[in-house]
Every structure is written in structure tokens, then in C-alpha cells.
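Following this line, the structures themselves.
One chain, subunit A, appears in both complexes that follow, with subunit B as partner in the first and subunit C in the second.
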Partner chain A sequence: MDEMQEIIKAYVIKEYVEDDTELTYDSPLISGGIVDSFSMVSLKRFLENKYNISIPDDKATPEAFDSVNKICALVREYVK
Partner chain B sequence: MAYTDKTRGIYTEVLTGLKNAGLFKQERYIHSAQAADIEVEFPAGAPLKKVINICANNYLGMSSHPEVVKAAHEGLDTHGYGMSSVRFICGTQDIHRTLEQMVTKFLGTEDTILFPSCMDANAGVFEAVLTKDDVMISDRLVHASIIDGIRLCSAMHDTFKHSDMEHLEEKLQLHNDKRLKCVITDGVFSMDGDTARLDKMVELCEKYEALLFVDDSHSSGFIGKTGRGTHEQYGVMGKIDILTTTFGKGLGGASGGCVSGRKELVEMCRQKARPYLFSNTIAPPVVAGVIKVLEILSASTDRRDKLESNTAFWRKGLIEAGLIIKAGDTPIVPVMLFNAKLAQDVSRDLYDEGIYAIGFFFPVVPQGQARIRTQISAGHEIHHLEKALEAFKKVGKKYEILGKSKQEIIERYGM
Partner chain C sequence: MSNIGSYDERIKNFDWSIAEKELDYEPGNIINIGWYCSDRICEKGYGNKPALIWEGSTGIEKRYSYNDLRLNSNAVGHFLRGLGIQPEDRVCLFMDKIPELYIGFLGILKMGGIAQPLFSAFGDESLFVRLDNAQTTAIITQKKHAPKVRKIMDKMPYLKHLIIVDADPAKPLLDREVAFDLEKAEKVEKFVIHPTYAESPSVLHYTSGTTGQPKGVKHVHYSLISQYLTSKWVLDLLDSDIYWCTADPGWVTGTSYGIIGAFSNGVTQCVLDAGFSADNWYRFIEKHKISMWYSAPTAIRSLMKAGDEVIKKYDLSTLRHLASVGEPLNSEAVIWSEKVFGKPFLDTYWQTETGSIMITNFPGMKIKPGSMGKPFPGITATVIDAETFTPFGETGKIGLIAIKPGWPSMMRTYWRNEETYKKKFQNGWYLPGDRSSIDNEGYFWFVGRDDDVINTGGHLVSPFEVESALLEHPAVAESAVVAKPDFVNMEVVKAFVTLKPGFVGSKDLDLDIMNFVRKKLSPLAMPQEIEFIDTLPKTRSGKIMRRILHAKEWGEEIGDTSTLEND
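Moving on, here comes the complex of A and B:
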């Protein structure tokens, strides 16, 4: 567990989870129906603002955003 | 022949899957005009059955109003059957512009443009007024036609939790760097019958300089003291930038829709909206019918007042019977059953009792929120509603759900 995982998980829960669904770092977010593809945009913007990075649109795919761990890996590619 | 046995098999399998999952939709043939009392053939080939209709969008009972029918007849005689052209080539008659001006006055906006349907208005409007430099921020429960329109638009799209104004404000802050921001909501949400907090939304849109879009299809003609819609109810007439609505519900029930609002935005639709540019507009007899509807509704609030009192009677009756309904004051009154099979069984038994009401379940509503959506009309008389209440009580007693809590119903029937 690291700080980035916790921050992103907390954001996903606050933003998208409206019932008592349990979330792990590997829970499928998009393919599991927790985050709809429309709502990915706010997650992308949150990450860009929080970590002061720019994620190219072609890298912000449903696959790359499909779990907290995958998102962390993506963010780390762009954090200097 | 390209349509091989293999191709046919692919589609047959999909359709069989829908049937097996209980998601196959079957039409019921109505042999009479749309009204409170109708004659239905169901299933196909069965003898006609007289039933009371409590699931139509015929909120004001205008679908078969004699004056509206007469006006449509006259429109047919004076302006013909169709236009055989889109609006900007040779498909605009004087009555099309008359109707646009009447709608503008009725809704209290700056200008209006007609569309073949509100589905088309919603499909075309966003692409016409927004670009990739802009953002659309929509309520998570907006109607499917709005979602389709959003998909066709190059602007960025984000959502906010249903009716959560704090969440909307967070999103407005998040996207404050965009050229234009457009907040998108239904006026009345069609599945739950709740209304958008337009007073708060106007406040936020003014604070963050965002456009406000409202689809008032389930409101126009009857929500608000004079039936102008949700914006009248919340005291924000003249402050909605883009308002779409339909003529297929309260305002006559036939077909057609419109975008009404700021004149520059309406003009953008006239220049750029694809369903307007590439499709015939509303047929002349329907235009004549809607003009008559607006004349009737502008002259008197009798029909929306009757709808209001019918709705109060119906909501009170269902609660007293011990059924669970969604709170609110609109004529969309969902009777909550939570379980999909229970909703279908209750619907079938109501039909046997002479009451036509349909069960809604996943994926139309969220899992575990199956219901019978009832819709009240000014065309209903108290004796219709009394009979329908008796049927609900009888069927509710059979399934032992009267006076039971949500938890008790779920424990017995499952989600």
C-alpha cells in the first residue's frame, strides 16, 4: 500500500461508489461497471491536477483506467 | 443472398437471449384512440379487453381532445399531409413558424426551433452549440436521448451524482478552464418522477458562468402554476439557456419536439443541427393540433389543475393502501416492488383486473428497483382512479405486500 494508491482509491469511492460496494486496488472499475466511460474524464482531470501531469488522450483508455493499480502505473509513467 | 442461415442464426440467438432473460419487449395493440378507457388486444390474437390506462404520457388528456382532433383535421385540409422537404429547402409553412413563436411565448424563452421529435432535438443540439473546447456536465440519470446527443458532440463530457448540487459545484470548479461549460439535466426525471432543483442549478450556473440545459418533456403543460414547466415551478423562467421539450406527451401526445432558449443558440441549431437539416419536420396536421393545444392551455389552467388534484388523490390512495411509492408531487408515480418478477406478475394481474400498467426493471431502472410506473392524467375521472386503487389493493393483498416495508418485500421476493 502506498500513498498514491490510497489517494486514488479514496477519490474513486467518493466520486463513483454510491452503495456499500467494497473496493480493492485491483477491483475492475470500468469493466466492472463501477466507473462509466463517460465519467472517466473527471478521473483523468483529477490525476492531472493532483500530480501536475498531462496524460495523452490515447493513453487514457478504459483498459489503463480499469483498476486503482493500473491507474497508479499509468500516473507513474508521467510523474517526473 | 447475403442473409445466410448463419447470419439469421446470429440474430435469432440474440433475440432468444433477450426472451430467456425476461427482457423481450412485446407490443400490446390498442384498438381505440388514446384515452383513460382503451380497448386492448393482448397477447396478439386475444379478444379485445376494455381497460383503464394508467401508463400513458397523456398527462393532460389532449391525445384525443375533440378540439385538437378538429384542428388537426382542419390543418390537413388547409396545409396538406406532408412537406416532402426538409425545412430549409421548401419544408417550412407559415404554421411551423407560428408554432415556434407560440412555444417561445408559452415557455418564456427568446426563440424556438421545431424538431421531428425531442429525441432528435436532444440528438442535435449539443453538437450544434458546443465544440471540443467546451465541457458538458450532466446529471447521471438524464434521459437516454440526451446521452445519445452527448455522444455525438465533440465537447468533453463529465457527470454529477443525481441531483447532488455540491457534486455539481465541484465539477464546475474542476472544468472552470473550459471555453464554455454546459450543465445538463432533465426537468422531471421520467423513472422516479422527481424534479431537478433548477433554482439551485441556475444559481450555480450564474456563479460559474455556465449554460443550463433542461429537458422538460415530462413537465411542459402541467408543472408550475400555469403549466409552463419545471422552470416555472422553481421561479427561474427566462433563465434556462436551452430548453428542449416534446409534443408527444402533455402537449398533445402526437409527435414532434423543439429546442427553445437563447436566440443565438436556437439560430445555431437552425444552421447546424443535423436532425433539423436532414429530416422532414413535423407534419402539418400535427402542427395544427399542437397550436390548438397551446391555445387551450394558454386560455385556462383547468386541465393542469385537474391533473394536480388527480395526482394528489392517487398518491394519497396508494399510500393509504400500504404500497410504497416514490415521494414527490408529479403525475409520475412509481409503485416500488423491487423484484423484477414481482413487478411483471403484479402488472399481469392488474391487467386481468382491467388496469393497464407496466412493470419496469433492470436495465431500464437500477438492479433491485423494479416497479410499476403509474402515470396520472387529466383525462382520468375519480372513478377511474378508484377502480385502479381497488385493483392495486386486491393484487397487493394477493402478493402480501400491503403495509410491508422495502426490507420485508425484498426478504420475501429477493432483489
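Moving on, here comes the complex of A and C:
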């Protein structure tokens, strides 16, 4: 567990989980229907704001956003 | 040979009685969509045939035969009747694409209720305006969506029941809440189906317009005639087909072709209740041997974006027919699908109000990539002059799409809004609100909407609704919402915003406003881009000129600015 995982997981729960669904770092977010393709835009915006990065649109795929761990891996590619 | 055979022969000899005869329906008799989609198929000897194969996001699979569909929808109807719900009461389905949604829809119709499906991603404000307009009696939902309903329960004294299909037995239910577990519910062998007739109301779908609140489109049981026949002739459904309609029954495609058209034709249909992923979709097609696939341009363009390599991992050879709906299908997508699947996606054109396909490409017809195709037999469609409302005498001219009223699935009115309904007709034509041209071979070519409504991913979003929601954000002084071009979704929502004194535009405020609208309305309505500006362009009388902002986004000529306030 690291800080980035916790921050992103907490944000996803706060913004996209409507009930008391348990979320792990590997829970499928996009394929699991927790975050839809339209909402992915706001999640991407959050990551860019929080980590002061710019994620190219072609890297912001449903697969790359499909779990907290995958998102962390993506973000780390762009954090200096 | 396709079901339609020769298009030219069909249009010469067409009469809707073709469908009536195939369905053994005689005018004046009882017609109930719920019965036609379950009991009738069983009576024809297909009770054991798989009707619904459902797969959830975790990979769990559930299968229902036509007899299961019959018994379970009877159980739903019996339960609703037991609650005291009356024929023509509105019963909202507010769920993900779970089996209870499909079966519940049929159960509501069987007991004579009006099914009111609403997209499960709607926020509480979107939900409330639609429930309030319909004066909904009951909502069937999942525990994950119940909190959104609970937020607005106090404002809905007419709502008698909140029915939760997966209630947690350890948690007490609140006032007006009731649990209904379909799997545990006693199956009902004999259920007295309410005697609905051709003009009995069946479904109430909500759609957005440029101004005012969403409109409740009222359909009737006779719509079955159109939905059955268009499924058979356009989607070319065969007994042997494994059919996949990717649409959510919160919207009209999901009910007209994801429930009614499929089940009344007695085919086996698969449902994937999971978010989009190219890998997962291709795996689903391979696993279930999908043969007929009805999807949407947004999904097709997302698949294009995912690349061709992923396709090679799967055996998709069972696919024999592909069709698309929701927004115009660009020619690149048609050509791409022919290249990678060996067959083109055929574009179909229709809308919530028409209830079934109006203009379309047919199996066996010469396909012109990017064209909408030709009118379905029995549909008189043309393009008319926007000033005189009369058909053009020559081809190639751009005007309003116009359809002669009278087909079976035509909406009967806008719920409690007859005035707006009447405005949809001019000079004896129904006007869907879209512009196109017709070429010299009779093919229609889509040009665009005739109003400010935003078509994003095949769903209509009202700029008025988004602007109203934006104004409720504490930082927003004024707003104007327009469509912005987008490769995948065709259009997305863009908001121009002026801020109240004391607020400064920032990345964090931008995100906060996006999330505010997403939760209040829906992810579809969330602006994908917000531009903070000092003043909005207005007329001298103070009306915001969306047209100028729209033109800026699309790189078009701004046009006449003589009425601009600060010009």
C-alpha cells in the first residue's frame, strides 16, 4: 500500500461509488461498471490536477483506468 | 436470403397487416407486449429455448428460457398487483442491465402498468424531474441506486413503493420500501394478464429537448407490430440467431430492440452488464457465438480506437449481421467494420418518439457508407423545406426529415405535454428534428440536428438542463452549453461559464463543477470541457447566443451578429 494508491482509491469511492461496495486496489472500475466512459474524463482530470501531469488521450484507455493499481502505474509514467 | 428479401418488392406490396398476421393479432383483439414476448413463444413450443443469457461484470452468468421468462414475469406482475398497483400506473425501472430489468419490464406490462425505464446513471435531479412528470407510483431498483431515490423521496408523495430487488436482509427497510427477490419469489404458473388493447399505454421513455424539461414519450401496446417486423426485416433475426443488443433499456433502443423486438421474435439474446472494454466485448462475442450484433457508433469508434490487433485474439466468425443506431454512423466506421469483421455495420435511423426503425440500410441492399439508407416499407419519409414545410421537388437539397404519421409505434403524445407534442407536426408531417438530404437513388444522408440538443454517444442531452444545473453551483453566475465535436462520442457537452464575484477559474474549480453536474444530472450531461469567460455573447434583449459559441467550437462561420449586445 502506498500513498498514491490510497489517495486514488479514496477519490474513486468518494466520487463514483454510490453504496457501500467494498473496493480493492484491483477492483475492476471500468469493466465493473463503477466508472463509466464519460466519468473517466473527470477521473483523468483529477489525476492531472492532483499530480500536476498531463495524460495523453490515447493513453487514457478503459484498460489503463480499470483498477486503482493500473491507474497508479499510468500516473507514475508521467510523474517527474 | 435475408428475411426482407427484395426491398423493392416489399415496398410495393407492404401493409402492416403482414406483422399482425404473423403475430396472430386481429384488430380489436387484446394485445399485450408482455404476453407476446413470453407466453406466446412458449405456446408455440419454444418454452425451453434460451431467451436471455446474462453475464455480469464479475463473469457470473445466468440463463433464462422462454418458460423462465414467462414464470418470472408472471411473478413480477403478481407481486406488483399485490402491492395494489393499478393498470396504467407508472412503474419505473431504475436498474443496471440485470435480469430483473428485462423480466420486470415484461411483468409490468402483463399487469397493465406503464413501464418507465430510466438510465441508472441518472443523478437525483434528473431522476426527480422525470418521476415527477410521470407521477410515478413505484420504482424497482437495486440497493446501490436506492440512495439516489431516498434523497428525493420526500418530494414525491405520489410514490407509494420503492421496490429493492437485492435488499440486504440485515438492514431495515425504510418507509415505503419493500424487498422483492426475483430468484426467491414463488414462480407464478397462471397469471391473469391485464387485457390491454392496441391503444393501451405501455412504455414511457423520457427524452431531452432544447428547452424545458424532459418529455415523456408515451408508447402503446400496438407498437409491437413495428418493433416485431423491423427486428425481423432490418436486424434480420432468425430462429438460430444469438443476438446481442448492446443498448441499455434505460433508453429506447434497449426496450424496442433489447426486449420487445428480440423476445417477440423468439430469439436467444445475450446481455453483458459490464463497462466497455474492447477485449471484453470480443471475448463475449466469441464465448456466446453472437451472430447478430446491434450496437452504436460510439462503441464502434471506441473499438476502432482500440486497434485491430486485439481482434485477432478472438474467433468472431459467428458474426453474420451487424447494425448500428443512436447517431449517424460515419463512413470510416462502416469501411473499418467491413475490413475487420468481413461485413459492414448497417446504419439504422429512428428516435425515441418513432419507437422503431424509420430509415435504414437493409441486408442485401447496396450499402453507401455514411448513408442512413432508405425508409422502411410502410414509412413515407422525405425531406422538406424548413420554411414552407413542403417536400423538395429535386434531390440533393438539405432540409428537415419529415415522416407521414400513422405507423404502429409512433408515440401517442408527450406525457402531460400535449402542446409540445402538437408542435412536432407541420403540414401533415411528423418532424423528428433532424436535417438531411436525399440522393438520386433515394438514399438519405444525415446532416445534423435542427436544434441545440446535444447528441453524445447516441444520447440526447438538453443544453437547458445542463445550464440550469450549472447555475445551482455556488461559483457559477451564468452559463451557456453547446456541443463540441468528439471522435468517439460524435459530440460532447462543453460549458462556457462566467463566475460570481470572489471566484476565480482554476483546475480544481473546473473539476468541482464537472462532478457537480455529473452527480446532479448524469455522466452524459457532465461538461467534458469548461471554459471560464468574462461575459457570454448575448442579444440586446439579454438572450444568450449559443449559436456563436457553437460556431466557435465547430470552426464554422459565426453568421449574423447584428443583434449581439456588445457588437
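Here is the rule we go by: the second predicted complex is superposed on the first by the 80 of 80 C-alpha atoms of A that agree within 3 Å, B and C clash if a C-alpha of one lies under 4 Å from a C-alpha of the other, contacts with A are read in each partner's own complex, and residues count from 1 in each chain.
Assume a contact is a pair of C-beta atoms (placed from the backbone, for glycine too) under 8 Å apart; a residue touches a chain by one contact, two chains touch by 3 or more.
Fair warning: this is a prediction, and the values are worked out from it, not measured in the lab.
Of the two partner chains, subunit C is the only one touched by A:33; subunit B is not. In the superposition on chain A, A:61 makes contact with subunit C only, not with subunit B. Of the two partner chains placed around the shared chain by superposition, subunit C is the only one that A:21 touches, whereas subunit B remains out of contact. Judged by the number of subunit A residues each one touches, C leads among subunit B and subunit C. Residue contacts after overlaying the shared chain place A:41 against subunit B and subunit C alike. Contacts of subunit A with subunit B, set against its contacts with subunit C after fitting on chain A, overlap at residues 18, 36, 38-39, 41-42, 45-46, 49.
Taken in their complex, subunit A has these residues touching subunit C: 15, 18-19, 21, 28-39, 41-42, 45-46, 48-49, 58, 61-63, 66. Against subunit A, the residues of subunit B that register as touching in their complex are 138, 147, 150, 156-159, 161, 171, 174-175. For subunit A in complex with subunit B, the touching residues are 18, 36, 38-39, 41-42, 45-46, 49. For subunit C in complex with subunit A, the residues that touch the partner chain are 57-58, 96, 121, 143-148, 273-280, 302, 305-306, 456-457, 507-508, 510-511, 514-515, 518, 523-524, 526, 528.
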